[in-house]
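The same chain A turns up in both complexes below, where it pairs with chain B and then with chain C.
Showing the complex of A and B:
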């Protein structure tokens, strides 16, 4: 492992140089309090003090809405060209989001390997950056506060500089292309890094009193509990929490047809298990017709089914679902209610 | 080569056979001769069928893999896409991709007795298994079919199945809930009534069952009473299988511990006995 130092005054130069490795995306402000990951056209718009972006980086790989096929009545179905297959650099991802991408990889690899997804992943560099948690963060409970893989470079903020962990050969190329910007790590920086890491861990610990280790058993035991119904009374079934979730992957497939009825496009679009028709089949049967059964299903999947299949929850504790919920339902409260610790 | 997993191949409807009201049998052949040759399926698998300009839907393959070249799909007219399918004349093109799902564990079932219990539309995926077993008759010991419908007019594959009642190498038991004033000189009663008078060597029999939700409840109860082990009861589950490749999420059961499209649609009762929201 190679760890070097980048002084903060050199950050912009370094970020600017990354466009040589692909189209550059980075966190930027949108409105007063919101941030988005979008193409960085002006270096002065870079905001590394962001807490979370509205949408997680899954949007680059599993597109919210994309054309997958073109069809016509005489020619049948033809694969649409991938408009998202070019080289990209995602700069400034937090550990939880990097973990989220790793979880997406498991799902996309399992069974039928989604080659289009992996082509996009392989052509995209990931550069992580350390974060300052806020009141909606609970990554510690979801073991996503720290990542060892899933990035090319990771920048850890140490006061006046960043410690840069070089994880991949591509990351090494990025550093080597800008050698003059980097320095060896001195003793003072190491000490400062230790202090900072320790303080960060303590802050996360103080903020987060959540434990999910017994959730699969408790969800099973409390399957018929009124807790689900009580929360579901507030839930609007709007699906916002699933849209902003870094690891929700459900999609719908639908056709858009031209007026002549002879040609059109087939689209893949994010779907949500909260939507009433999500588990409905033709003929009227709906396996989760009740709002509470859909509300419960999200927890059943994230905290039980996923654990059974992959050995951990698919939640990374990013807090997006908490921030976005119009009914102010806090996932941590639901978990605590199930655990009986409220 | 395209990396798009969801791309259908063109296939032609070579014949449409109306069976009972709102249930047609569509005989379909891939346009590409190589695909006709290379397509292999197992009894119990399904395809994603596209009606060009209307959309896509999961449909069980009703024909046996032993009858190659033409694929048969018994489709009930019930939703938007099936209605569009019913508007297509013979010789129309449609899209197919698949086959998907696990299918019946036929290697494991060989050498055993086979009991097929179907209710209503449940005959559709089981017909593939029935003809597979009959075409490989020596691979199975006793073969029994029990099929129940609401009325004679709703019995799928009626004439085909009636020809089986005279075969002496299998037992074909048909019943209707109600004659409904129609011509019928067979059994009257629900599918589970057919168990009376039939002896089973449950330890050496696989039961393959498919039908509406209430059917599963009573048939499983009957099979357990007759000493069937849960692992020998094979059931075909229906879900909204949008993608067929285990990615879109819609067919998850038990908190997506299982996805019906890739882990199923055939499950043993043991596989799902502890799972919620299964039937």
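Showing the complex of A and C:
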């Protein structure tokens, strides 16, 4: 590890130089009040004041809807060319999203290793940036307020400069290619960094009154509770919360044939456990036919089953599902209802 | 294997779905080559009828003539596929089923309309068995072509059943409801359109009809909470799918959605 200093006036030059390491993606405005990670074609569009992007970085590795193979009666099955397999640099990810990618890696690795996912991951550099939380954030409760791995570089905002933590040799290359932009860290900056870090931790703590200790036990104990039914009355099964979640990975596979019946494609598209047909099987049975059982399932998986397997919840407290739910269902309220503290 | 005999028919509607089929310019020849097209009123003037394997029917049943034709088509077709929101849900024409047919005829056509045998507007499924529904106003080209290709293999097609919000998220459009407080029906409307309207900064007006399990009660509640009046919400819900019982039931009880719109506007005046 190496830590150096980047003055804010040099940020643009540095970001601009990163396109030498792959196609550069960074947070930019979308619509009136939203942000997305997209290709940075104009440096003046960079928005490091963003709170969260509509979709998390998972979209780069698991595409929302893509063709995975082509088939024809002449050539059989052939893997589709990967339009997303080139070198990329994702600039400006927050700690929670970096944690989200780490969790995604566990899931994509276990059982059946998804090679395409890891090819994309390996060709993608990650550069983190410190954040300002808003009222939907609760990363602290989900132990995702800080990351020590999962990035090549991490920029911590310290007033007029950034402290740049170099984690990997790729990160080192990025810095070395721009030696003149960086400086040694002086005593003042160290003091300022400590103050900022402390203040940030205090702020997160003040904002977040959520505790998830013993959530798996409580969810199991409250399996039959009416709480699920009460929330499900409001839930639209719209699927938004799962689409925007950095760690939701469910997908559906379908084959589409051409009119000539000789050729076709196999497609993979994000799916959601909220959809009525999600747990439907041949013969017309449905393991989760009732809306409340689907609503409950999301909590069963993320806050219970996942903990049993990986020792932590798959939620990173990014707040996307809270911000985007049309019915204003707040995951923190659901957890508190289960804990009996509301 | 003999090519399946196919017929394409239109009841009352704007003929937009037949036009959508004609607009499949690149694939049209492939379609025509793959099937034995017996009838396509918009494209051909000589249509030999008789027994067919698949009938695609657009439009809603608005008059006795439609009903007779629909029953006749059903009687000689193995499969009947409703295409377009009018055929699947009743569509725009069904939005004012609450007005008495005789009064409506008088208002629109005057005395010269007296010969019309007008019926309350209903989707095909209210009158005959429908084997597959492809909604849309008009239908999406991809869904149609996929459906034909699947049927040729002897499979029923897998049509999108998730709501517009899901597509809207996949495209990463800004949410017009949550971020701009607009009256969007995306949460309970069937996708398949790739969230075209939100992508163009326009709310979803529900033109593809409701999803299989719409939570209309919650949609109405969340829109009311955001300051929309009940009448506007219910009118929006009734625009394309007024006869949909599953919408109406959740909003006010059993009667059709357009009736509740009427009640709501009445209540408003009082």
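Everything that follows uses one rule, which is that the second predicted complex is superposed on the first by the 341 of 342 C-alpha atoms of A that agree within 3 Å, B and C clash if a C-alpha of one lies under 4 Å from a C-alpha of the other, contacts with A are read in each partner's own complex, and residues count from 1 in each chain.
FYI, contacts are C-beta pairs under 8 Å (C-beta built on N, C-alpha and C of every residue); 3 or more make two chains touch, one makes a residue touch a chain.
Worth saying up front: this structure is predicted, and the values here are computed from it rather than measured.
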| item | value |
| --- | --- |
| Chain B versus chain C as contact partner of A:141, first or second or both or neither | neither |
| In the superposition, chain B vs chain C on chain A residues touched | B |
| Contacts of A:119 with chain B and chain C, given as first, second, both or neither | first |
| First (chain B), second (chain C), both or neither touched by A:111 | first |
| First (chain B), second (chain C), both or neither touched by A:101 | neither |
| Which superposed partner A:300 touches (first chain B, second chain C, both, neither) | first |
| Touched partner set for A:235, first chain B, second chain C, both or neither | second |
| A:30 touches, of chain B and chain C: first, second, both or neither? | second |
| Which superposed partner A:324 touches (first chain B, second chain C, both, neither) | second |
| Which of chain B and chain C A:244 touches, first, second, both or neither | second |
| Common ground on chain A, meaning residues reached by chain C in one complex and by chain B in the other | 254, 257, 261 |
| Interfacial residue positions of chain A with respect to chain C in the complex | 30-34, 36, 54-55, 59, 64-65, 233-240, 243-244, 254, 256-261, 269-270, 272, 275-277, 291, 323-328 |
| Chain B residues touching chain A - in the complex, by the definition given at the top | 2-10, 31, 50, 52-57, 76, 78-82, 93, 95, 213, 238-240, 242-243, 245-250, 252, 254-257, 262, 276-277 |
| Chain C residues touching chain A - in the complex, by the definition given at the top | 27, 30-31, 34, 145-146, 148-150, 152-153, 158, 161-163, 165-166, 169-175, 177-180, 186-188, 201, 211-213, 215, 217-219, 221-222, 225 |
| Chain A residues touching chain B - in the complex, by the definition given at the top | 68-69, 71-74, 76-80, 107-108, 110-112, 114-116, 119, 219, 223, 249-255, 257, 261-262, 264, 266, 268, 271, 273, 278-283, 285, 287-288, 293, 297, 300-301, 304-306, 308-309 |
